[in-house]
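Notes to accompany the following structure.
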Amino acid sequence: MLKKLIKITAITMISGSILFGASFDTQAEKDRKAFVNYFMKKFENPVKNQAEYFPYTSVEEIEKNYIYPLKFQDFQDGPLSWYRPSKEQFAEINEFPPYEIPLDDGKELWVKPFANGNTYSTCFPDMAIKQNYPYFDVKKNKVVTIGEAVNECRVENGEKPLKYGKGDIAKIIAVIAEASRGKEIAIKIPNENAAKAYDAGKKLFYKQRGYLAISCNECHVQSSGKRIRAEALSPALGGTTHMPVYRVKWGGLGTLQRRLAGCVKDTGSEKPKMQSKPLKELEYFLTYMSNGMKLNGPDTRK
Amino acid sequence: MKKLLLTSIIAVAFLSGCAMTSPSASNDVDSAIASAQMKYDKAHSEMVAWGKTKSLIKKAKKLAKTDPKKAIALANEAAYQADTALAQSEEFEKTWQAAVPK
Amino acid sequence: MGIKAIAKVKKDIATVKLLVKHPMATGSIGGGKGEPKFINHLSVKHGGRVVFDMYPTSAISKNPYVKFAFKGAKKGDMIVVEWKDNTGATEKKEIKLK
Amino acid sequence: MKRRNFLGLGFTTMAVAALQSASSASILTEHPKAFEAKSSEEAIKNAFGTSDVIKDDKATLKLPDIAENGAAVPVTVSTSLENAKTMAIVIDGNPRPLAAAWELSEGTIPKFSTRIKMRKTGNVRLIVEDANGKLHETVKQVKVTVGGCGG
């Protein structure tokens, strides 16, 4: 009898904990599957789906310039995944990728000892870690980005934190990104507050804002696969895989936080601060949406 | 006496005419700027402020002494932007979920 | 400064890609600020023979990229890449063909 | 006198030319005005002494129809002409149209790739000077837009 009771209790506890554990990402998983499904369907056959998804693009243009069908992994190339002229141009540019120069700088920084003799390797013995960022730190009760992790490493070793967005921090992240190539994004939602952070990021992504009253969603989900003049709008699926990115318009490497801040600004909003809570939550949500996709950063964009 | 009355009428007409040509929100430069600042601060804290609002207030503050009329116009424009930003945020709060792929 | 190269030989043809760290600043030429600073001569020699002889201007993109090929090379040969800019700065690097 | 004009003047002269290398007489030192010219025609005339060009398919210019970003437009130039002497890229819309020139020597395969800056939509020209000093031209229009969302 006692044995049975223990057994039942144990089973209840185990199943309970499974249920409890799974509950934090139930909604996120549902969102992610619908998100992926939307893109897979949209880019399966743009000619056939022209009326539904691309009403303002002629079948002629689709046939000439669109690449399809796209597989899940193809989305890692952003706007280059579906738009042939962009893909061809960047394939040419990447014959010798411009990011190679800042990446080399990053590799030098990586091995250059701090004042205390340690290096970045002291903090990151395994460099292939980018697939886990951003993560929700249960102890700190907040989202931690790769940039913050780099600066944390510096501060722990008595160095000044680096300025976010570009320059040395982007170079260091590029080194980590290169080492993480091919790893699948694996963002987790470990507790209720993490789920809240995810929800906040999700809202920031879908809710219209700024004097243009548009959302990230309108450009990068609903209008992905369309053009605004010469801009081939990138699908939000796979939007974080190739970071940090060398942008020709920046003339150098920039981080995901920089890119996201710019994106929010383009809605006609005040530019949010990099590594601010909302912008990190947006990164958390957006990266979660690409869970399972292989990393391919750093890369080159316009 | 007649003359005084006439002067007062003219003065009143002048004043009211002045009030009529000013934007309705405020005609006092300091209060216009203060009001814009308050509204902007609220929009900013809710992270919904528009891109140019802050710089409009900054410009208004700069012109407050030299060109109060323009400063008021700028402050009122900033206040309008902040108001609209807050109002649209409230509106979109009700509808954004509909855009999530299901 | 820095010259990066990918240089490979197939049969007797060497294909060379170079990426040179340089601002290639247009400056006042384009109506902008600052002094122009750009590479105006980039050459490559193979066994003392000039196999690539380019005269760029500030209309070549930042950190110039060039690709070219030449005949009569074999694996292990050295090439010498050399550039000079409009301010007189120079750089020279030897690269082994793979 | 251009370096290549020494060619064929006997072994000694050739050796001298080779020793002097590219840094002595070149399109840059002999025709510096070409690089400062403000129009394409002026640039071509200053570089080659004439702006008469033969429009044929001997020169090939590979460029995108629409540049993703005018600050780095990938370009490949080539020619089917044997023993061509010089190749030059001339960009109509730039304040100084002559963007780059290559001097060719024996053994060089006349095909080069680089990335160019384009200030605005317009024609890009490839001029190839053949062994007889005649100019061959090919033209391609490239649309340049102010590109790139996101800061």
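Labels A, B, C and D are assigned to the chains in the order they are written; within every chain, residues are numbered from 1.
To be clear about the criterion, contacts are C-beta pairs under 8 Å (C-beta built on N, C-alpha and C of every residue); 3 or more make two chains touch, one makes a residue touch a chain.
Just so you know, these numbers come straight off a predicted model, no measurement behind them.
Trainee: Applying the document's contact definition, name the chain pair with more C-beta pairs in contact, A-C or C-D.
Mentor: Looking at contacts between chains, C-D has the larger number.
Trainee: Taking the mean of the C-alpha atoms as each chain's centre, how many Å separate subunit A from subunit C?
Mentor: 36
Trainee: I'd like to verify one number: the distance from the centre of subunit B to the centre of subunit C, where each centre is the average of its C-alpha atoms, in whole angstrom.
Mentor: 58
Trainee: Express in whole angstrom the distance between the two chain centres, defined as the mean CA positions of subunit C and subunit D.
Mentor: Chain centroid spacing, subunit C to subunit D, equals 16 Å.
Trainee: Which residues of subunit A are in contact with two or more other chains?
Mentor: 93, 95, 98, 248, 251, 265, 271
Trainee: By residue number and range, which residues of subunit C touch two or more other chains?
Mentor: Where subunit C meets two or more other chains at a single residue, that happens at 61-62, 65, 67.
Trainee: Run through the chains and report each pair that touches.
Mentor: Chain pairs that touch: A-B, A-C, A-D, C-D.
Trainee: Would you pull the subunit D residues touching subunit C in the complex into a rising list?
Mentor: Within the complex, subunit D contacts subunit C at residues 18, 21-23, 26-28, 35, 71-73, 76, 91, 94-96, 98-105, 107-109, 111-117, 119.
Trainee: Given the complex with subunit C, which residues does subunit A contribute to the contact?
Mentor: Per the stated touch rule, the residues are 93, 95-96, 98, 100-101, 104, 248, 251.
Trainee: List the residues on subunit D that touch subunit A in their complex, please.
Mentor: 64-69, 71-72, 74, 76, 113, 115, 143, 145, 147-151
Trainee: For the complex, give me every residue of subunit A touching subunit B.
Mentor: Listed in rising order, the residues are 31, 34-35, 37-38, 202-203, 206-211, 213, 215, 217-218, 221-222, 265, 268-272, 278.
Trainee: What part of subunit C is in contact with subunit A in the complex they form?
Mentor: 2, 4, 6, 17-19, 21, 61-63, 65, 67
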